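By written order: A, B, C and D. Residues from 1 in each chain.
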Amino acid sequence: MNPQLIQECIDACLACLAACEHCASACLDEPDIDMMRGCIRLDRDCADACAFTARLLMRGSALHPRACALCAEACAACAEECEKHAAHHDHCRRCAEACRACEAACRRLVA
Amino acid sequence: MNPQLIQECIDACLACLAACEHCASACLDEPDIDMMRGCIRLDRDCADACAFTARLLMRGSALHPRACALCAEACAACAEECEKHAAHHDHCRRCAEACRACEAACRRLVA
Amino acid sequence: MNPQLIQECIDACLACLAACEHCASACLDEPDIDMMRGCIRLDRDCADACAFTARLLMRGSALHPRACALCAEACAACAEECEKHAAHHDHCRRCAEACRACEAACRRLVA
Amino acid sequence: MNPQLIQECIDACLACLAACEHCASACLDEPDIDMMRGCIRLDRDCADACAFTARLLMRGSALHPRACALCAEACAACAEECEKHAAHHDHCRRCAEACRACEAACRRLVA
């Protein structure tokens, strides 16, 4: 385990968790909520995956490579959806960026 | 600590967690999602409060009376909102019932 | 998705969550805590994996097969450790059983 | 809600979460684990309370003042125990500091 990669991944997971929690709440306030259903749904899963993964990394769990693989998938799915709304909603643009950064940080710990 | 009250509260928290997770997802599929914003929001908080409280109870934490007090508040708020939609959405009716049962079980462990 | 297999897996995850939370706390009370280090460590990871997976299943998340695969791994690792102590500690014996049941229920949702 | 106090509290909760997860794992590796039982136990509760509270704050939940009150209690209890071991274990010293900082940040959001 490379301590710097671990720390970077923890930081990316926590930033992504914050972005997803905020994006879900902001989507629930949008006039065009009808378009944001998938985004809210994926924010929820991605936030849970990031929190779970960050905690395993913090405690040095041997399960972390598997959690990182799952978290990367959750981030990729959430980013793909948020990117569709990035031009209209700043919270989606920032969430997509946090998801892509977390996806990359997680993938570095899978291989 | 009365073991029977503890077990009943764990069961009520887990039933409420399941009802809230299901209700949030079902609300995200409803044609009238515009009306369900508050419900989705409160389902999310209530689910997290129930999961947190159930785990403290399972592990015999000294923090459980405070968690039960908070969980009862979260359940009451979610039930109040779900009850508004109970006539139209079966998932809201069932969620409101699970929230009220969990609120009662939690309150028995606060006093 | 087969609703009966989903429900059985949710139930198995929640039973395993309860067993792991209880086992960790009970291990922390054991006179031979020196022998229980690995058990406490794995109980913690397994409890988190079970809670995470149960919630994804409850909400009908598309991420659930990956979570079930990860949860099965966490359960297998925890069961293997708890089985070493099953003859001496009833909480470990019951935890190992709950882990094996959850591992099996999760594997049915991976394939 | 004061956005700066909210952000400071989120940051304090996440720093405390990381310190508690690390401290619990480090305690599980200590030769004098017999002395660290209470520390591991309280680290676990405090980590869960911090994660729960941080997420409510991130999503702008109305439940956050109650969560902050509970989190402050969890932090105070964990700090008190960790401070007993601060002279011998660096992870306990750092955990106690993170707990006290988080307790203070949470209390600012209760009143």
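Going forward, a contact is a pair of C-beta atoms (placed from the backbone, for glycine too) under 8 Å apart; a residue touches a chain by one contact, two chains touch by 3 or more.
Being a predicted model, the structure only gives us computed values, none of them experimental.
Taking the options A-B, C-D or A-D in turn, the interface that duplicates B-C in more than half of its contact pairs by residue number is A-D. Just to note, of A-C and A-D, the chains joined by more C-beta pairs in contact are A-C.
One inter-chain figure worth recording: chain A and chain D are separated by 23 Å, centre to centre, where each centre is the mean of the chain's CA atoms. Of all residues in chain A, those that touch two or more other chains are 24-25, 41, 44, 55, 59. Across the complex, chain B meets chain A through its residues 24-25, 28-29, 33-34, 37, 40-41, 44.
Chain B meets chain C in the complex at residues 10, 14, 17-18, 21-22, 24-25, 47, 51, 55, 58-60.
Of all residues in chain A, those touching chain C in their complex are 41, 44-45, 48-49, 52, 55-56, 59, 61-63, 66-67, 69-70, 73-74, 77.
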